[in-house]
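Below are the C-alpha cells for one structure; questions will follow.
Chain nomenclature is as follows: A, B, C, D, E and F, assigned in order of appearance, with residue numbering initiated at 1 for each chain independently.
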Amino acid sequence: MVHPKNIVVKISGKWINPDKPEIIGGYARVLKKLYEEGYRIAVVVGGGRVAREYIAAGRKLGLSEAMLDLMGIATTRLNAMLFTVILDNLAYQGVPRSLDEFMEAWSTGKIVICGGFQPGQSTNAVSALIAEAIGAKLLVNATTVQGLYDKDPNKYPDAKLIKETNIEETYRILIREQHYAAGGYELMDPLSLMIIKRGKITVKIVYGGDPENVYRAVKGENPGTTIRPE
Amino acid sequence: MVHPKNIVVKISGKWINPDKPEIIGGYARVLKKLYEEGYRIAVVVGGGRVAREYIAAGRKLGLSEAMLDLMGIATTRLNAMLFTVILDNLAYQGVPRSLDEFMEAWSTGKIVICGGFQPGQSTNAVSALIAEAIGAKLLVNATTVQGLYDKDPNKYPDAKLIKETNIEETYRILIREQHYAAGGYELMDPLSLMIIKRGKITVKIVYGGDPENVYRAVKGENPGTTIRPE
Amino acid sequence: MVHPKNIVVKISGKWINPDKPEIIGGYARVLKKLYEEGYRIAVVVGGGRVAREYIAAGRKLGLSEAMLDLMGIATTRLNAMLFTVILDNLAYQGVPRSLDEFMEAWSTGKIVICGGFQPGQSTNAVSALIAEAIGAKLLVNATTVQGLYDKDPNKYPDAKLIKETNIEETYRILIREQHYAAGGYELMDPLSLMIIKRGKITVKIVYGGDPENVYRAVKGENPGTTIRPE
Amino acid sequence: MVHPKNIVVKISGKWINPDKPEIIGGYARVLKKLYEEGYRIAVVVGGGRVAREYIAAGRKLGLSEAMLDLMGIATTRLNAMLFTVILDNLAYQGVPRSLDEFMEAWSTGKIVICGGFQPGQSTNAVSALIAEAIGAKLLVNATTVQGLYDKDPNKYPDAKLIKETNIEETYRILIREQHYAAGGYELMDPLSLMIIKRGKITVKIVYGGDPENVYRAVKGENPGTTIRPE
Amino acid sequence: MVHPKNIVVKISGKWINPDKPEIIGGYARVLKKLYEEGYRIAVVVGGGRVAREYIAAGRKLGLSEAMLDLMGIATTRLNAMLFTVILDNLAYQGVPRSLDEFMEAWSTGKIVICGGFQPGQSTNAVSALIAEAIGAKLLVNATTVQGLYDKDPNKYPDAKLIKETNIEETYRILIREQHYAAGGYELMDPLSLMIIKRGKITVKIVYGGDPENVYRAVKGENPGTTIRPE
Amino acid sequence: MVHPKNIVVKISGKWINPDKPEIIGGYARVLKKLYEEGYRIAVVVGGGRVAREYIAAGRKLGLSEAMLDLMGIATTRLNAMLFTVILDNLAYQGVPRSLDEFMEAWSTGKIVICGGFQPGQSTNAVSALIAEAIGAKLLVNATTVQGLYDKDPNKYPDAKLIKETNIEETYRILIREQHYAAGGYELMDPLSLMIIKRGKITVKIVYGGDPENVYRAVKGENPGTTIRPE
C-alpha cells in the first residue's frame, strides 16, 4: 500500500516555535504549494527552546526523565498547534497525540501536523512511524544542519557533507561520531533508522532554515543528503 | 451547597512557568500543607511570558484574536501541566479543559489544576466560575501586585493599598483606573466580578511572589486586599 | 485569513426547539440552499423554553449559577443535536463543546452546529468567537425581534427600528436601554460586541421566525438591522 | 463477584425531570442516606415528558426511529445530569454513555448516574446490565405504578397487585397483557427480563412518586412487587 | 431521508478474523469496487473464534454475562480494526464504539467499519440500527450459511433454502426452529427483525465465505435469501 | 519523588491471555494480596499468541510494520482488559493507551493495567517508563524464562542462570547473545535498559508461569535474576 504522493516532513523545533514567525510563514507557503500540487503531507514538529525551558525547570524540581519527556512532548504539541492554526483550512485543526489519532485525522484528507507521541520515542521516530503507516516513500528531515557529514562538523573543520549514502552507512557514521551523545545534533536515533530501513523509506536531510529546501527535496532535488533505504 | 473547606487559588502566570522553579516548588509546599490540613483545593494558572511569546508570534502571522486566545489557553495548560506533575500524587494527573471536565476531575478528591477554558474568558473568570461550581466561599488571587490600590500604583507614587473593600467599590476603582486597558494589571474583569458577586465569594488578593501569602490568606489572615462579596 | 463565503448564523433558542418543527424544517431548507450555493456555514443555537425549565428546576434545588449555566448549555446542545440530525449528511454529525472541537469538526467541510461552550459565556459570544476563528465577515443573528430599536419596543410604542448602525452606537443603545437587565431581549452582550468589533464582523439582526430572512441577509439584503463593525 | 452492598436504582423519567424538583430533592436525600450507610449505588434515569417532546418533533421532521432513539437518549442524559449536579460531591460528576464509561466512573467509588446507552436498548435494560456488571443482587425499579398487576390496572378495575412473583411468571403476565404495546406501562422488556434472570437479580418494583419507597426496598421491605430471579 | 446508495454490510466474525486473510482480502476488493461505483458503505463485523476464546476464559474466571459481552465486543472491534487498516485510505481509520461515534465517522464520507456497540445488543442489531440511521434500504448479511431455510439445515437433510420471504415469515421460522437457542445459527434476533421492519429495510442473507456474494446482492442479484421488509 | 510501595509488574503475554485462565486467576490473587498489604501496583501485559495471529494475518495482507505494531498493541490491550475486569473493584476499570492516560487512571489509587502504548515501543519499555513516572524502584518482569542466563539456554545446555548482576553487564550479555534477534527471548530491549538505568530501578526477572514468584520478588526474595540499576 505505497502512496507515491504521500510525504512526511519532519521539521526541527528550532524552526517551528514562537521565535521564528517568518520561517513558519515560509513553511506554510511551501506546504500550500505542495498541497495544491496534489501531495498529501504529514508534518512532525520537534522540540526547541521552549521545550528545553520546561524540561530544565522540571529537572530542577526533581521530575523523572519520563515526566520531563512528557513535558517536552506537550511543548512540541504546542508548536504543532501554532503551525496548525496558521495553515488554516489546509490543515486538520487538531494535534493527534498517538498513531491511532493520527490515522483518524489523516482520514480527512487534510495536512496533519503533530508533535511527539510518547516518552521514550523521539519526534524523528514518530516521523518514521508515520511514513511507514501512510505508505510514504519519502521523509524530508528539515534539520539545523546542511545534511549528514562524515565527521562532526562542529569539531572538525574538514568535515565533508555526504550527498548520498544508505542506511547502513548512516548508522555507522552516527555511531562512530557519537551523535547520540549530549550535544550531538540528533539527526536520527537507532529506532528511527530501524523503521526507515524496514519501511524502505528514502530520507532527505535538508537545512530547515530555508523552507524552500523542503519543496526542492520533494520535487526530486537533493539540497542536503539523501539516504537510500537499502 | 457551600463547602467551607473548598478553596480556589488563582496564580498569575508570572509565577507558574519555567522561569520560576523555586516559586513553583514553594506553591507545591503550601498546597501540600493545606491539603494535609483537610482543605480541598482547585488551582487556576494564568498566562505569562511563554503565552505572550506564542501570542506575539501568532499575531505576526495574522491569526485572529480568537485563535490567539486559543494559543494562549494552550500555554496556560502547559503551565498547569508542569505544576500538576510536580504535585505528584496530591494532584489529579490531568489538566481539565472545561468546567465539565473539571467537575469530573474534582470527583477524585485530589487537587485539580487547570489553565484557561475558552477564548473570550480570562483565567480570572475561570477561577470565579470554579469557586461557584464547587461551593467555595474563598478565592485567593495570587497576583503580581500587593493587592488593590485606590489608584494605579505604577502611575501614582501616592497610591494607597486598600486592605478591605467590597465588590461594588472594586468595580468602581477598576473602571476608573482603566485597569482593563492594555498595561493595566488585570486584577479582575467584569465577568469575574459579576460571578464573585452572585456567588457570594470572598476574594483575597495577595502578592503571588511569596507562596506563603496564599497559606496566610486561607488561614484567615489578610496579606493583601480582602474583597467582601456584598 | 478572511474567507468571504464563510458565514455564521446564530439562531435564538425560541426557533430551534421541539415546539417548532416547522421552523426547524424551514431553517434546514435555507441552509441546504446556501450550502449548495457554496457557502460554508457554522450555526449556533441558543437556549429556549426547555433550557429555562431545567434552569428553573435547578434553581429550586439550590444549584449555583455556574451549574445552572452548565445545565442551560447542555440544553442548547440538545437543540443543536436535533437540528444536526435533521440536516442529515449536510451537517457534521456531532455537537462541538468547545472552540477546539468546533475547529476539528469544521475541518470536515460540513455545516457544523453547536450550542453553548462554557458557563459565563453567552451563545451570542460563542457565535462571535466562531466568526472570528473561521474568518467570517458576516454573522446573521436570527432573534425574536425584527432588529435593533432605538428604545425598548416592549415599553415604548414609538420605538423605531434602526436599519443601519455601527458597533459603538449599538453599544450605547443597549447600555442605555438596559437590554442586559432581566427581561431585556438579549441581542448582544458586551463580550459579543467586543469580539465583533475587533474581528471586523458585520452583524445582521433579523427576525428568526421566518428562516428566509437568514437567506436574504446572506444574499446582501437587510431584512432587519445591519451593524457595521467600524 | 457478588457485592451485597452494590445496588442499582432505576427511576422513571416521570420523576427525574425539570417538572419535579421536589421529588428529585427527595431522591437526593434517600441516596445520601443509603450512601452514608455504606451502600454503593448506580442510578439509571428514564425518559419522560421532555424526551417525548424531542421525539415528537423529530418524528414530524422525518427522523428514523434510530435517530429518534438517539434524541431520546440524549434527553435521559440531560435528566441524569440534572440529578448528578444536585447530588454534588456524592456523585461522580459526569454522565457515562456506555457500559465501558460506566465502569470507569464506578472506579471512583461515588454514586454514578446515567441515562440510556444506545438506540434499541431501553433504560430498563441498561439498569439490568449495570446490575449484572457490578455484581448487584438488587435492582429497585421506581416506576409510575405501584407494582406488577395480574391485569392491566388501567383497563380492569379488579386488577390485583402481585406482591411476590418470579421472572417466568412476570414474563407471562407482561406478554399476556401486552404491556409492550404502545400505552403499556413499560415495566420491563424481554431483554431486561433475560438479563435479570441470567444475573440472578432480585427486582423490586415500587411506586417512584415517593422516594422513600426506594429506601424501604433497599432495607428489606417490599413496598410494591418483589420479583425473584429464579 | 432515504439514501439509495447507502448500504450496510454485516459480515460474520467467521470471515473477518486472523484465520482468514484471503477472505478479508476478498472483501477489501469487493468494497473497493462498490466504493468506486459510488456506494457509501457501512460495515459491521461480528464475533468469531477469538471472541469465543476470550468469553470462554472470562466465564471460567467467573465474569458475569454483561462483562463477557463487553469482552466479546472488544474482540469484534479488534477484527473491525484489522479490516479497517487493510482498507487503507478507503476507510475511516477508527472503529466507532457507539451510534453517535458512528455518525461522526460517517460524516467523513469514507467506508466506516465497526464491531459491536453495547452488551445486550447483537452485531446484527447494530447493523440494523446503522441501516436505519443512515437511511439505507439494503442490508446485506454475509453469514456462515447459504440463506434462510425452512428448517434447521443442520438437523434436517431435507431443509429447503427460502429464496424470498418477508419479515413476519422470517420471524415465525426463526422462532419455530429455535434458532435463538445455543447452537442456532444466529441469523437475526428479535431486536434486529423489529428494526428492519420499522425501517423498511430489505435484508439479503448471503453465504459470506465468498465475498463476491455481497457484490452480487448489492447489484440486484439474490445469491441467498431476500427478506422484504413488509 | 520516590514511592517505596509503588511497584510495576510486567507480565508476558504468554501468561495473560485466554488460554491461561488459571494463571490469570493466580495473578489476581497475588495482586489482591499485595494491594491489601499497601502496595500500589501498575501492571503491563505483553503480547502473546493472539497478538501473533493478528500480526501474521496483517502481514499476509500487506500491512506495514507500523500498522502491524498497532494491531499487536490493540491485542495487548484486549489482554489487559480481560485482566482488568477479572480484578473487579481492585482495578481501575479502563485500559490506558498512553502515559498521560495512565497517570490520570493512577490518580484513582487503584491497580492500573495496560498493554502497549505506541508502535516502535515494546511493552518492556512501557513498563520501565511507568516505573520511572510513578517513582517505583522495583520492576518485576514475569517472563517465559527463569531469569537471565550467561548464554542462550535454548542453544547451550551449560548456560548458567545469573542470580545477580547490573545493567551494564545485562546489556553486554543481551547484545552478545543477540537476544534481540528474532527468536531471542526478548527480556529487555535497549530502550528499556536505558530507562531502567537512568531511573535507578531494580529489575527482578522471574518465571511468570508461577504467579507467586511475583509476590516473592516484591517481598524481597530473588526467585530469578536481580538486576541492580547501577
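Basically, a contact is a pair of C-beta atoms (placed from the backbone, for glycine too) under 8 Å apart; a residue touches a chain by one contact, two chains touch by 3 or more.
If you're wondering where the values come from, they're calculated on a predicted model, not measured in any experiment.
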What are the chains that chain B and chain F both touch? A, D
Which of these pairs, E-F, B-F or A-F, matches B-C in more than half of the residue pairs in contact? A-F
Copy-to-copy rotation (chain A on chain D, CA atoms, range 0 to 180, rounded to a multiple of 5 degrees) logged as 180
Between chain F and chain E, is it the same set of residue numbers doing the touching on each side, over half shared, or a different set? same
Going by average Cα coordinates, which chain is farthest removed from chain D? A
Just curious, how far off is chain E from chain D if you go by their C-alpha centres, in Å? 31
Counting only Cα atoms for the centres, state how far chain B is from chain D in Å. 42
Report the inter-centroid distance (CA atoms only) between chain B and chain E in whole Å. 54
Chain A and chain B have mean C-alpha positions lying a whole-number Å distance apart equal to 37
Please output the residue numbers of chain A that touch at least 2 other chains, ranges allowed. 1, 63, 67, 70, 85, 100, 108, 135
Who touches whom among the chains? A-B, A-C, A-E, A-F, B-C, B-D, B-F, C-D, C-E, D-E, D-F, E-F
Residue positions on chain E within touch of chain A in the complex are 85, 88-89, 91-94, 108, 110
The chain F residues in contact with chain E across the complex are 17-22, 24-25, 28, 50, 53-54, 56-58, 60-61, 63, 67, 70-71, 74-75, 78, 81-82, 85-86
Within their complex, state which residues of chain E touch chain C. 1, 3, 100, 103-104, 106-108, 135
Residue numbers on chain C that touch chain B, as the complex places them: 1, 62-67, 70, 97-100, 117-121, 125, 128-130, 132-133, 135, 190-191, 195, 198-199
